[in-house]
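Next up, some structures in structure tokens.
The following pair of complexes shares a single chain, chain A, combined with chain B in the former and chain C in the latter.
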Partner chain A sequence: MSEEYDVEFVEREEREARFLVRGISPGFANGIRRAMVADVPTMAIDTVRFIENSSVMFDEQLALRLGLVPLTTPPEGEFGEDDTVTLSIDVEGPATAYSGDLVSEDDLVQPADENVPIIELKEDQRLEAEADAVLDRGKDHAKHQGGVAIGYRHLQRVEVVGDLPEFEEQESRIVRGVIEDDGELVPTSEFDHDLSNRYPGKEVEVEDVPNAFVFHVETDGSLDVEELVTRAADSIESRATELEEAVQL
Partner chain B sequence: MMVPVRCFTCGNVVGEHWEEFDERANEGDEDPQEVLDDLGVDRYCCRRMLVSHTDLVDVVSPYQ
Partner chain C sequence: MELRVTERTDDELSIEIAGEDHTFMNVLKGTLLEHEDVSAATYDVNPEQSGGQTEPILTIKTEDDVDPIDALEEAAGDVRDKAVSFREAFEAAA
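And then the complex of A and B:
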């Protein structure tokens, strides 16, 4: 039942990527985007038990800060929606408690960023707490959002249609995203988003390539980009299957 | 009080860059724009989180 899609990476790093998908409808592209934002479960701290908190911030403020720290999400199938992982933190002032001070009982669930300051502790202040992390979706709380600032644009095709008249000043022509020039994919940042830099003295025409979308995906560190996109696609598939089964006679 | 962990608008983790930003741009004399570019904080929603933040722990702590 699965269909093949043509996917091509333009830029690829662990936490940020840009890739081109051909042959999908705008609706499906948006479906993938929404699934990446709201439907991929990630780990985040949900309940905090304070043993001692003599810092300048209230328990609930610290609990929110702890919740927002991204945690690495274990491979699919390792954890269910109801499982919890306990992390503990114990820092005595004068010092700053960092997300890296969280000690996890499970190696698979660790703070993805270690340098996030939780609270600055002065002399005689102490923070000791236990926190339970759970697996949940971006739909329920933004702290479970694996994807950050995800978007897509049409791939744009640029064609040179002729030369500019000799004495005419060329106007700048701003495009953003990725352009296709003779089958070659070029991010617009390469020429400062201005087509007049890339094609000096030429007259160009820009048009959207139908059903080709360039996604820009960034993650908060809880998953890498590839994992996030595949899990998003899987979640669409499982929901589609669920719907199919539900409406069958 | 403490620097927000994430950007309010996009959810990117900005808290981890605060100490370096503070040291270089607020305490030091580097250009905040260059420091932010260097730290990889690209979007203006995330940039304003660091630029406009003031640490208040030192102000509040005497009243504990």
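And then the complex of A and C:
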């Protein structure tokens, strides 16, 4: 039994995308979504050695903040579960320590954003620390979560069924996601999510298209959208293979 | 992934699949139900804090003298095929 899926991008950027998948069952769509959130490993700081912390916050608080800084995750196979990458930070006040001040020993593991504030330092305050980043999954800690806003909705088919009575005030009809109008995919943001803007004076019917889901995927920058989706599919594939082999024994 | 059979008859199987959660179990269950010789498939998993049995237990019931183990093996293969064809379809569009 081989399923035929059909994927089509609606919106696409490096960190955020919307794509339609046809022929996918709700259960499998949810499996993919969950795998993106919790099962795709990303790099994050896990251990911090403070050399000097004369800031107003405790070491533990800064360690948490450092952990939450998204780091770019190297291509698959470059890193194992136990490998670590060391980053260091050295900022002297008066200044604000930003994620961009982290210096990594590895070009593949860098802060995904330069402008995440870590702490504001006043005169004579200083932060100097060394941190080890490891690869782990969102299931174990949210800082390892590559996908930050992931969900899916049914594709909705809109059909014009007639005209509204001439003197009747049209009520607004809000839909969110992506609609299919005569085979054309239109994000609802194009008409302010209100069907009465797109079809003035018309009576329309909206129905969910069975087994057609529009995924919205946003990453924290540690991976791009394509990497995240393919790695999520890979993680389900590898578990299925593992189970198949375990059953054969 | 450690498997432990907890109950087994000719047409029924309960098996513990250690280390898995809803992500994989629900997909597997859904795929088992698409299998034509599987009459019932379900899984049960308790939250971590509940104590006792916390690993998911999959129960399969088959008809027409099909060994549930074989059905499970085929379903695992089907899940793999789904994941592969999903990735291929995605990569083709990307």
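A few remarks follow.
Rule of thumb we're sticking to: the second predicted complex is superposed on the first by the 244 of 249 C-alpha atoms of A that agree within 3 Å, B and C clash if a C-alpha of one lies under 4 Å from a C-alpha of the other, contacts with A are read in each partner's own complex, and residues count from 1 in each chain.
Note that contacts are C-beta pairs under 8 Å (C-beta built on N, C-alpha and C of every residue); 3 or more make two chains touch, one makes a residue touch a chain.
For clarity, every value in this text was computed on a predicted model and none was experimentally measured.
The superposition on chain A brings chain B alongside chain C with room for both. Once the two complexes are overlaid on the shared chain, A:Asp181 sits clear of chain B and of chain C alike. In the superposition on chain A, A:Glu203 contacts neither chain B nor chain C.
The partner of chain A that touches more of its residues, comparing chain B with chain C, is C. After overlaying the two complexes on the shared chain, residue contacts for A:Asp194 are found with neither chain B nor chain C. Applying the stated contact rule after C-alpha superposition, one finds that A:Gly27 touches chain C and leaves chain B untouched. Contact with chain B, but none with chain C, is seen for A:Asn115 once the two complexes are overlaid on the shared chain.
An angle of 140 degrees, to the nearest 10, separates chain B from chain C at the C-alpha centre of chain A in the overlay. In the superposed model, A:Tyr5 makes contact with chain C only, not with chain B.
Think of it this way: put the two complexes on top of each other by chain A, and the tightest Cα contact between chain B and chain C is 19 Å. Touched by chain B in one complex and by chain C in the other is not one residue of chain A. Those residues of chain A that touch chain B in the complex are listed here as 54, 56-57, 61, 65, 68-70, 99, 112-120, 122, 125, 142, 145, 148-149, 218, 220-221. Of all residues in chain C, those touching chain A in their complex are 1-3, 17, 20-24, 26-30, 34, 69, 72-73, 76-87, 89-94.
Chain contact summary for the complex, chain B toward chain A: residues 1-3, 5-6, 10-13, 15-16, 18-19, 43, 55, 57, 60-61, 64. Chain A contributes residues 1-9, 19, 21, 24-25, 27-28, 30-32, 34-35, 38-39, 139, 226, 229-230, 233-234, 236-237, 239-244, 246-248 to its touches with chain C in the complex.
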